[in-house]
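For clarity, chains are labelled A, B and C in written order, and residue numbers in each chain start from 1.
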Amino acid sequence: MLYILEDTINGILMGSIYGLTALGLTLIFGVLKVINFAHGSLLMVGMYVAYWAVALTGLHPYLALILVVPVMYLFGYYLQDIVIKPIFKAEREVREPITVIIVTTGLWYILDNVTLLLFGPQYRTIQANPLRGKMLELGGMLISVPKLWGFVTALITAASIYWFLQRTRLGRAIRATSLDRDAASLMGIKQYKVYNIAFGIGTATAGIAGVTLVPFYNVFPSVGVLFDIKGFIIVVLGGLGSMGGALLGGMIIGVIESVGPQFMAATWTEAIVYGLFLVFLFVKPSGLFGVRYDW
Amino acid sequence: MKQQRLEVLSLLPVVVIAFGLPLVLHSPTYLHIIILLYFYAYLTTSWNLVGGFAGVLPLGHAAFVGIGAYSSTVLSLQYGISPWLGMIVGGVLATLVGVIIGLPTFKMRGAYFALATIAFAEGLRVMVENIDYLGPFNLNGPRGLEISPLNVGLANFMFTTKEPYYYIVLVMLVGVLALTYLISRSKLGYYLQAGGEEPEAAMSLGVNVARCKLIAMAMSSFLTALAGTFYAQFTLYIHPKSVISLDLSFEIAFIALIGGRGSIAGPILGALLLRPVSDLSRIYFGATLPGLHLIIFGIVLILVMIYQPRGLQEPLTRAYNKLLERLAARPAVGV
Amino acid sequence: MKMLEVRDLVKDFGGLRAVDNLTLALDEGEILGLIGPNGAGKSTAFNCIAGVYPPTTGEISFKGEKINNERPWNLCKRGLARTFQIVKPFPSKTVLYNVVVGSFATTEKKPEAERKALDILHYLHLEDKKDVLARNLTIADRKRLEIARALATEPKLLLLDEVMAGLRPTEVDEMVRIIKDLRDKGVTLFIIEHIMRAIMAVSDRVVVIHFGQKIAEGTPQTVAADERVIKAYLGEEYGVS
């Protein structure tokens, strides 16, 4: 019984990190109304940036945030500006820009393989980092410390973004654009600037998620693929556009992955996750907390 | 001379060359490459029925390749059933799966549909990788199934040289192209494209959009599964990562998109342009620059989507049509 | 038997009642106009009739048969066609292609569908533009294309949703002429319109909706003089020619 509780807690912690990775995805969807298929790759880039920052300086992994956040923000900002904006402009009349999905998929391939080219396929880890393998003992249970840090980071990040969207002018501009981009632009809000910023924030969030993963997760060029698909699943589960939903969805997945192997082969839990995903897609595509969109 | 006649005449030399090629080209390596080229052209043309004509973005079509490959292979290995028969069984099975998937997913909007197809394909792959037996059928999990080239002959879909495979896949390709051509000129074709572009308007004009999409999906999944059997018989080894992989699904979609989905020439053109890039970069740069061809794919895809969203076939088709118009108008070409 | 009968039609969207107990009927060969201020519920009523969504309560009958839950494509087969307020051509296809889609509602063969489509294009003076891509048409031509497409399905009843919006006065007159001509060909017409002089000139009868409720019904002249109608439109100009 205690094992199950331990697994559940670790599952929630890991799940919150999953949620963190999906946070950017749901934000980008909420504002730009596109599903960014390259999100996993952006996470991977974030992980590499964090990895190199730590490997070269020997600093505490979380200090890498100082570098990672601005770098990823700018990366995302200009990615949207240079690559995706032209598509938006070309498809202004189209109701749902499918082409953007295709383009982000192309980005995924490019990012993953350029990384492969530059850094090779080997798995990298930061061996000598203060968080690796640390466990916290709590009432007979072993809680993973790096995941705990991740949990806290996830909550702080989500709360910060929430505060930003609710309390700052720029945040309100972003929310306005996400609700009705034509009306917002008529009020003087520069639509594409908002998109760039939202994409930048989403990418920066992926970077933060990367930092939380680097202490205990392997870094390799295709690491993004696993998180990419998981990210979609989480975001659909939680509701596209809902940040709380992303965290909650992530935790659900985390718990399934953690507790599941107690009862069945680990690989079957993957199948369950896919099954749950499909169920939600069919039955409640707006997810647990999703906003209804007038497509 | 009428433009239509010119069209047919212009295709004649292509057909002749295609069928006559093995008579002059004997290198098995090159034949192998061309066979795979036709294979991909076939896959993308089949995909095009749903991804092009119906206007949705299926990103899990490799699932049908897998269904076809596994059906015929299991049936022939375990029960000695001829792969040709197994091919049909695979096709029917794929059709059923395709329709079952299509029923709930076609109601979804673009991005959700794409995600759902990915989920189905990945779910299938995970399932096949994890189970050794599906009821009485031995799928052998991640190790895959190997076909020993014992019983050679047409009846067993097994040959020692490349030439028979060449002709089989060529006939399949020509068949699927002819089918696409016929559909594009038929009521179903018009309805599919209308439903893909403006579903509300199409519905008000009498188009049952969902039903048309299902029909397209049924055809597409059936045809795709046939290619799966071909692949199994040609390469003699199938495993989940080779036939049900996300990479394959994406590659099919990418090629069709770059070539130009929704058109007849687009998918073939895409295959003709991209497969050699893929093969060459693997041969020459495989060791030093792995994944180069994927980077090229990605860049080309993005550029095409920005500058030529209807695919690379558009400028070429326009030039081709203009040329035919000019020739048709000239009285001197009196045939 | 009435061509179209709407009895106590109610359509709620969550807490909002868009159409409130609307009752009206069309005889065969009639032209009925539906007018009302913006947001009055006109398009909603059309959408219920055309099968886009079912009514919350109430009954809709077409040629004597109840059609409450019929889907648009089935209604089209029964002879009910419609146009859209915001035109929805198939933008990447030619004018001819657009109309052929409609013609396929009456035939299975492409040559015949094309022939019928060309006839309709000829009738609406769009023949010379048959190979133009729909996205390259002017708004007036798009509106005519919209009608051509719907006509191709050989409807008995045609619902026209603000076909005149965005047209210049000469184009409006042309459209009025087309509509009257359609009636002569045996099509019953139910028209939503804002341009007063057009609808008054073309309708046999007019129904006025305000906040989802019918507030007046009668000939154009009667309705124009009705006090409630004038109050509803206070601030809007119109003139009866």
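The rule is short, and it goes like this: a contact is a pair of C-beta atoms (placed from the backbone, for glycine too) under 8 Å apart; a residue touches a chain by one contact, two chains touch by 3 or more.
Owing to the predicted nature of the structure, the values given are computational and were not obtained by experimental measurement.
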Leftover contact groups, counting everything except chain B: A | C
item: Chain occupying the most central position, where position means C-alpha average; value: B
item: Chain of greatest Cα-centre distance to chain C; value: A
item: For chain B paired with chain C, centre-to-centre distance based on mean C-alpha positions, whole Å; value: 43
item: Chain A-chain B separation of Cα centroids, rounded to whole Å; value: 33
item: Intercentroid distance (Cα basis), chain C paired with chain A, Å; value: 48
item: In the complex with chain A, residue positions of chain B that touch it; value: 57, 59, 104-105, 108-112, 114-116, 118-120, 122-123, 126-127, 129-130, 246, 250, 253-254, 257, 289-292, 294-295, 297-299, 301-302, 305-306, 309
item: Touching residues on chain B, where the partner in the complex is chain C; value: 185-187, 190-191, 193-194, 197-198, 200-209, 310
item: List of chain A residues in touch with chain B within their complex; value: 34-35, 83, 86-87, 90, 96, 98-99, 101-103, 105-110, 112-114, 116-117, 121, 225, 229, 232-233, 236, 265, 267-268, 270-271, 274-275, 277-278, 281-282, 285, 295
item: Chain C - residues contacting chain B, complex; value: 50, 52, 71-73, 76-77, 81-82, 84, 88-93, 97, 100-102, 104-105, 108, 110, 113, 149-150, 152-153
